[in-house]
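As written, the chains take the letters A, B, C and D, and residue 1 is the first residue of each chain.
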Amino acid sequence: MSNNTVILLFSSPDKKGIINKITDFIFEFGGNIIEMDQYVDRENSIFFMRVVWELNDFKLTKEQIYEKFDPVGRLFNGRWKFYFSGKKSNIVIFVSKQLHCLQELLWRYELGDLEIDIKAIFSNHLEAKEISKQHNIPFYHFPINKENKDEQERKESNIIKELDTDTIILARYMQILSPLMVNEYPNKIINIHHSFLPAFVGGNPYKQAYERGVKIIGATSHFVTEELDQGPIIHQDVIRITHRDNLEDIKTKGRDLERIVLAEAIKYHTEHRILVFGRKTIIFK
Amino acid sequence: MSNNTVILLFSSPDKKGIINKITDFIFEFGGNIIEMDQYVDRENSIFFMRVVWELNDFKLTKEQIYEKFDPVGRLFNGRWKFYFSGKKSNIVIFVSKQLHCLQELLWRYELGDLEIDIKAIFSNHLEAKEISKQHNIPFYHFPINKENKDEQERKESNIIKELDTDTIILARYMQILSPLMVNEYPNKIINIHHSFLPAFVGGNPYKQAYERGVKIIGATSHFVTEELDQGPIIHQDVIRITHRDNLEDIKTKGRDLERIVLAEAIKYHTEHRILVFGRKTIIFK
Amino acid sequence: MSNNTVILLFSSPDKKGIINKITDFIFEFGGNIIEMDQYVDRENSIFFMRVVWELNDFKLTKEQIYEKFDPVGRLFNGRWKFYFSGKKSNIVIFVSKQLHCLQELLWRYELGDLEIDIKAIFSNHLEAKEISKQHNIPFYHFPINKENKDEQERKESNIIKELDTDTIILARYMQILSPLMVNEYPNKIINIHHSFLPAFVGGNPYKQAYERGVKIIGATSHFVTEELDQGPIIHQDVIRITHRDNLEDIKTKGRDLERIVLAEAIKYHTEHRILVFGRKTIIFK
Amino acid sequence: MSNNTVILLFSSPDKKGIINKITDFIFEFGGNIIEMDQYVDRENSIFFMRVVWELNDFKLTKEQIYEKFDPVGRLFNGRWKFYFSGKKSNIVIFVSKQLHCLQELLWRYELGDLEIDIKAIFSNHLEAKEISKQHNIPFYHFPINKENKDEQERKESNIIKELDTDTIILARYMQILSPLMVNEYPNKIINIHHSFLPAFVGGNPYKQAYERGVKIIGATSHFVTEELDQGPIIHQDVIRITHRDNLEDIKTKGRDLERIVLAEAIKYHTEHRILVFGRKTIIFK
């Protein structure tokens, strides 16, 4: 498979001929489609599409693609975005004291599994400092309390912008981001919550699960919105527990879920497989 | 394995020597232990045990077992119960319009998988009438409305008592039992709820799941208590869904979960594998 | 969604422009695409596609569709097939003594979950006779032994043809079909094997699993080919077991797998979601 | 829970009174049982037991425990072993070029999840040298070829003995140990095989799986015996794949299975939860 490709994410009101017009465009200029997926939300009559084609023999430059596709997209009142191969997502990771999710991401990053560049690690604590250093990733310490929260977030936000950040990962970050920050990055902040949402929102979900006596526990990765733990869900997984599992056992079992569920969500996101519609995600795997 | 056995379910404050004294009792009268399981809830310091032994060469009669075990149980301030083989659980099933859970139970019942006698099927609708007849099980029609609910439940309760019912199964019964009825049968009414509780309590859980955009759906069997969908959980399972699954697809996928989760819970309960403590179940599989 | 649709299954050597030409065809005559999925086997450079469109405003009749699509398909040296809505698959089910898979199919059939017409049930035993009668499906008894096998299969084959059978289901049929019969129905005979193939081919897979001491057991549905248990796999699932599960327990747990795995495979097949390439299945879910 | 405990693993021909006599022994000297599990293999009439009790108020020293239990064990022709808390298992890990399993073990080791001391890492390649150094674990390079295999294994074996090694882990070690080595450490060498055994024994199991067109892939941890991939299975898990997964995707998905399945097996083994009987493992979780 060629490494010189472009991904188009497209959505619009559903109408006859969208696929046809879009594939006409690709074919006209000599593109070879290598992946294509589409879905129609019948309830709301919305069309969603992801198509990937090779650019090797494609007769348009990057700029021309934007220009020439414009009338096609407008024809259907669509919203679209192009992602060109070779451009990795710039990532900033927020973490607190627990490092297992961070560690998993660093490991996959170094294996080359994820199309990302980790630009910085932010923390309100110091536990992640050493591992950041080992992996040659800038570490920023932003202790947070009631008084300094706004100011610290402003500083964080500035660095995030300087680093040309595409995606913010909350890898077990135990602070709630302010609405200001959240609204600046719609569908670009990914959190891992350690329950199968919508069960056990908020703090201490494992303790809540333990006390409720559930027989399965879960983890959920989702985009962050203003309402806590209410954003569009990207990925979830669960594991069975029994009465023999005490709170500590539950946390240990959950840890393996969290790191894999978060890594998977980041993979979907940075491979541009996700379209968000309202509270839902369309994920073209 | 012998078919002439007794099951002891025992719980008490935790203390040294409980297992020893109980196995002394069994050994003294010539019992051969064939299954034994125990668990200590360290948080609350409670000991739970299930032990099964053969009665073939056992030197005590059923009555003597009750009598001779009494001082052993009292020594530890225990609560205990004996279940003798050959006595199947008498079951009454409540159902509404959807019959898949009922059908699964009838099928397992006839295969001899479950140690139960289905004594009657109750419904507020008529859909289950024919299948009840096919399987030679008395069908009772109790239409429920605001005005007649109390009276109908009284009638139901009378028949339940006449039939010497051990366990009531709500196999997708779409009415809420009154507290009166619920409190009469503590830990003896098993419901199937079509979500992974505590997510999506109450009505239309599949619709709630669909609207929330979850990536897994579930089913939960639990004992019924006064608070809706809050009773001790017996068994849960989940299945993955995607954005492509509309509400109808979700219902279809969920149906297979519901019937297997309910059947499994009834299996545990009627094999006397469950001890309830507070909101939790200890299940000795 | 309209009920008047057509499904096209298409495969050909991979080449630029296939999707474009096919969607041109659909768009030209006014079709509205409601599902579309494609996949390229890069190793072998083969293109596979499934596309569904509405016929309500389509300007071609069924016959014209065949005629007008012909040059499009030929252009790419393709192989293709059209399936029109309203035409259910005619099914003949082979069964022996164990009825759980048959029962599951009958149940889903009556719920209207499967796009099938069960035309007949064949068995080398009599266990399925009564249930066939209850469901008003013709039952044929074909006892098989070494001497009569060829003759019996000839008779079976004649009825299969008379019934205009699309798909043959081996729902725990404990006889091996002769190559003659198998070769007459390529990718049209679906078997359920009670192991996660390729582990435990041949007889008594649960016994083999029990003796090997595996920690998971499985079930596999596959198309039947001349070589025993070697045909293209359609669907598989597994369930965990422990040392406590004896052979009987394993069979009971496996039963639930078998019936659901087989039903799922039949669903994919009769919704025309499967393309076979060599030993592999491409399944557009 | 006390940290001063002893684990007894016991097996013997099944007979009345074993549990009673063993709990008599514990109770007589003031032990408080905190975990107990037993199982009878009815087919072979063998009794298996794991019991853990606190030593704080226990009236026997370690030496006396061995001495005083001896007549109890002999009474039932048993085989038994005591494991005292505070004594971690000494581990030597063999690895080749792929480091994901090693990395997972190092990570869990440093989190304190596993009751192990990693004494050395052996490899026929150099890829693991740096990570060993980072974690301060001695690394030994033993390149293997036909000519030097015997000699290298002798050297390895000497170090293994010097290090008082309890368990050898093959963490994706791509050499086959000689029978001599294998037989020296019965039920003490744990391998991870990247398939759901017994499917796809031998080399390149993912390639075999890919070519067979299976819909699930797996990983299996097992004790190593003379016959390749035939030893008693400790743990297995699987993950779903589709026709879209090429060989590289399969390897990536499998990697997550392998590391978790191996870590889980080591946990069971080093917590002394496993009894081996013939080709099977009894695992008291």
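Side notes on the structure shown:
Rule of thumb we're sticking to: a contact is a pair of C-beta atoms (placed from the backbone, for glycine too) under 8 Å apart; a residue touches a chain by one contact, two chains touch by 3 or more.
Note that the structure is a prediction, hence the values are computed from the model and not measured.
With B-D and A-B as the two chain pairs, more C-beta contacts join A-B.
Ranked by how far their CA centres sit from the centre of chain A, the chains are topped by B. For the pair chain B and chain D, the distance between mean C-alpha positions equals 37 Å. Averaging Cα coordinates per chain places chain A and chain B 42 Å apart. The residues of chain C that reach two or more other chains are 42, 244, listed in rising order. Those residues of chain A that touch chain B in the shared complex are 39, 41-43, 196-200, 211-216, 218, 232-238, 242-244, 246, 278-283. Residue ranges of chain C in contact with chain A, taken from their complex: 1, 16-17, 19-20, 23-24, 26-27, 30-34, 36-38, 40, 42. Here chain A touches chain D in the complex through residues 100, 103, 107, 111, 113, 134, 244, 252, 256, 260, 285, going by the rule given at the top.
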